[in-house]
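Following this message is one structure expressed as structure tokens.
So that you can tell them apart, the chains are marked A, B and C in the order they are listed, and the count of residues begins at 1 in each.
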Amino acid sequence: MKFSELVARLKAAEHSLILNAACDPHLTGVKPLEDAQAETLSYIEGEKFAAQVNTTAASALILPLDQALQTQATDRQIAWIATREPRLLFAQAIALFYQPFRPAPGIHPTAVIDPSVQLGENAAIGAHVVIQAGVILGNNLCIHPNVVIYPGVTIGDRTLLHANCVIQERTQIGSDCVIHSGAVIGSEGFGFVPIPEGWLKMEQSGYVVLEDGVEVGCNSTIDRPAVGETRIERNTKLDNLVQIGHGSKVGKNCALAAQVGLAGGAQLGDRVILGGQVGVANHSHIGDGVQAGAQAGIHGTVAPGTVVLGTPAVPYKLYLKASAIYSRLPEMHRALKQIQKQLGLGQ
Amino acid sequence: MKFSELVARLKAAEHSLILNAACDPHLTGVKPLEDAQAETLSYIEGEKFAAQVNTTAASALILPLDQALQTQATDRQIAWIATREPRLLFAQAIALFYQPFRPAPGIHPTAVIDPSVQLGENAAIGAHVVIQAGVILGNNLCIHPNVVIYPGVTIGDRTLLHANCVIQERTQIGSDCVIHSGAVIGSEGFGFVPIPEGWLKMEQSGYVVLEDGVEVGCNSTIDRPAVGETRIERNTKLDNLVQIGHGSKVGKNCALAAQVGLAGGAQLGDRVILGGQVGVANHSHIGDGVQAGAQAGIHGTVAPGTVVLGTPAVPYKLYLKASAIYSRLPEMHRALKQIQKQLGLGQ
Amino acid sequence: MKFSELVARLKAAEHSLILNAACDPHLTGVKPLEDAQAETLSYIEGEKFAAQVNTTAASALILPLDQALQTQATDRQIAWIATREPRLLFAQAIALFYQPFRPAPGIHPTAVIDPSVQLGENAAIGAHVVIQAGVILGNNLCIHPNVVIYPGVTIGDRTLLHANCVIQERTQIGSDCVIHSGAVIGSEGFGFVPIPEGWLKMEQSGYVVLEDGVEVGCNSTIDRPAVGETRIERNTKLDNLVQIGHGSKVGKNCALAAQVGLAGGAQLGDRVILGGQVGVANHSHIGDGVQAGAQAGIHGTVAPGTVVLGTPAVPYKLYLKASAIYSRLPEMHRALKQIQKQLGLGQ
């Protein structure tokens, strides 16, 4: 497609300006900046990539609103479009060149589907899928091979289940969700009561709810509680290897990076963003819009809008100051000893 | 069931006292306190939930031995039973209303079972299960769909394997175990010896033993060692996404929360409790009854009965004091500089 | 096999010296030191295991170059061979007694293989495997049951895929790789752009490359990027539950222990060793030969050859000093207050 045609099809184009009208290359694909070739489009997020504008072989670029970068690109006869949000525009551009693999509708003959299952229209159900009694499926589902669905599950329209994921009993999954390979949704919460002989298993009679637009990463696990529900609200995205303990609630539009763990009963508000390997203790309350840096350990209550880091998690700025001093502890310790000596203070 | 009937069926009832004999509601289920409706039973663990006694719609409650809470409930005409361990009694109550899904005995025609396998009685073996040569299975097993069992595995009676777990060669699993979906037991330990060309793979000729009553969470991994065994002793419970390195030994009645990782050769005593995301280094020795808070990093030896926190893990009380001061480091650093200046010391 | 025959077959034998020529026991297997019986071989890595030479029941030992240990063994009539690298020699010895389970070549009739797949020679393809359109497979592959391969994947010779792993679209896997059970390779990177309504999904049009000799642990996940590739170079080994974010590059001969997480775009050099649960932030650059201790949190740039620890990661020696003082923070804080008081300084 011509660069000009691509620009016309980007939804954010009205906020942007185009230069190099004379230069309108044919584009065959999208590439990262360092690997781009002729006839490919790439993008630049900010100033620190400026040097690469001088070396990239891309024929077209999405640029930030930065005059210098635009001049550099023009000088090199690179077609470009500038915008406040280059990454957003690039996401749109990718979708013009690429669609992920989707199997055609149809039910593979090796799938084992209980006669009581309510199948929607146009489902694509792969080889060796197992769907058990009482499951209710929406329209236009895509269920990849070797998925197992336990009894009593409901799934909305257009939801996508990747190969080898498992959906356990009574889970409710909304529409437009994506469950990645190896994820396990609705399994028994880790509920054991100490008794003299060891542990009494608390049966987990509750269930998991994923609202519309939720995405669950590969090999992530979301447990159901003893009573009540575990709920992930609309449009929240979980990365790979995330653990959601029984009875947790995650609000709308959150993003939890890989290897995050929520202990049982954690409550997250809307638009919460947790970095990789963050841990959240039992029954914590995390307010709307909270952000936590990678590996933070959170317990108790975090006020809405706070940015936290560290274990135990403290406000971001405080953590940066304290952690900067951490490496000076040996020096501080020596200084203190010297002062004590000088003042005749002992220990 | 009537409340009075429920009370009669709870095993701990002899330690408890009942009030509101006049009030004996019909109960249809169990619910969390905040979602409880009429005709449901809920429970209260301690004082901090006191306010909810005044608002819950539950018809019956399990209460702690707290006079004030009991009076509140009586005043609201809620039937109740009081006990030292409300959570234990509630676990028993759930089991009166709820039984988890168990498929009926029988072998699904799509299961692929080697002729040399010794099948016990009454097994439920799901669709697309694969059981390889020389496997010996006990009675009353339940193997959900898409489970794969490698050669030479033995499994005791009444053990439950959830969908899509994998049991690799020579693993020995006891009776009354539960292996959750996606768990992998008996895979090769991470054994590589550095050589000039990179890494020499050390073949892992050992095996994994899970004693009776062990539970392994979803997507957890337990590796076999180069020689000898990796062993999880009786009644120990592992949560989701736990890693047990090759040659580790975990004692009896332990509980390891989600995302815990034990490096190779770690040795844990009995009744050890590790919080979420705890890491244990190679060849550590953790004594009986040790407890470690979430995200702790343990190496070396931990004395029996110790409660530890932090990385590197230190005794609980010390950690609380030190971590409280952590955020005051910038302030301490400033104070120290001021003192040094005043005394004409140092930098 | 006789001890003398074993010694003759060990490749490193020329660097070693043998004693006890008179003593040449028959050996039936390899065992860990503490469980060794008569007719078994074990090994000792260093001085700290010296006491066990006096108690082991092993008939033969691989020893370090330590005269005292050798004398102890000779005195107990244990056959032994001494070497600079006992673990390397023991790895070779194990391989003389043990070969891991490999299914015989052949394609199980329940495997579902698209007619367009190019199958190599001598493949062993297990029950319920699914291989989709356009996949190209090398010779002597071993694919265990319930593996799913999405369209457009290529796999080299002698590569081994364990049960229930998933290889997603366009992944390129080299020769002599091992993918362990439950691993997911080539899934969509966690790419979402914030928009007023929540998150816009960035399609992940890239792919994953695993070069020859790469090993990926159980339930590990390696994501493909929006554009370009995620690459793991030759002979790099990943343990279980490792997360490799989209667009990362891991160099040659690295070893990443269990539960390590690399955020998107992390760049690792060659021979990097990361301990368990290490986290690496977005777009970090880690030089050749860097080693990071367990649970380290790395961001930014780490110079080649550095050994780091802690979060945020600092050089190893500094971390040891600083963390040793961490527990003395309460004491330092008290001392500081006392000094301030004495000097009449406020806070």
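Things worth noting here:
Rule of thumb we're sticking to: a contact is a pair of C-beta atoms (placed from the backbone, for glycine too) under 8 Å apart; a residue touches a chain by one contact, two chains touch by 3 or more.
Quick caveat: nothing in here was measured; it's all calculated off a predicted structure.
For the self-contact between chain B and chain C, the two sides draw on mostly distinct residue numbers; the shared fraction is below half.
Matching CA atoms, the turn from chain A to chain C amounts to 120°, rounded to the nearest 5. In whole angstrom, the spacing between the mean C-alpha positions of chain B and chain C is 26. Looking at chain B, residues 110, 128, 146, 164, 182, 219, 241, 259, 277, 295, 310-311, 326, 328-329, 332, 336, 339, 343 sit in touch with two or more other chains.
Residue ranges of chain C in contact with chain B, taken from their complex: 30-32, 35, 42, 85, 87-88, 90-92, 94-95, 97-101, 108, 110, 126-128, 144-146, 162-164, 180-182, 213, 215, 217-219, 234-235, 237, 239-241, 252-253, 255, 257-259, 276-277, 294-295, 310-311, 323, 326-327, 329-330, 332-333, 336, 339-340, 343, 345, 347.
Per the touch definition, chain A reaches chain B in the complex via residues 110, 112, 128, 130, 146, 148, 150-152, 164, 166, 168-169, 182, 184, 187-188, 190-193, 195, 197-205, 219, 221, 223, 225-228, 241, 243, 245, 247, 259, 261, 263, 277, 279, 281, 295, 297, 299, 310-312, 314, 318, 321-322, 325-326, 328-329, 332, 335-336, 338-339, 342-343.
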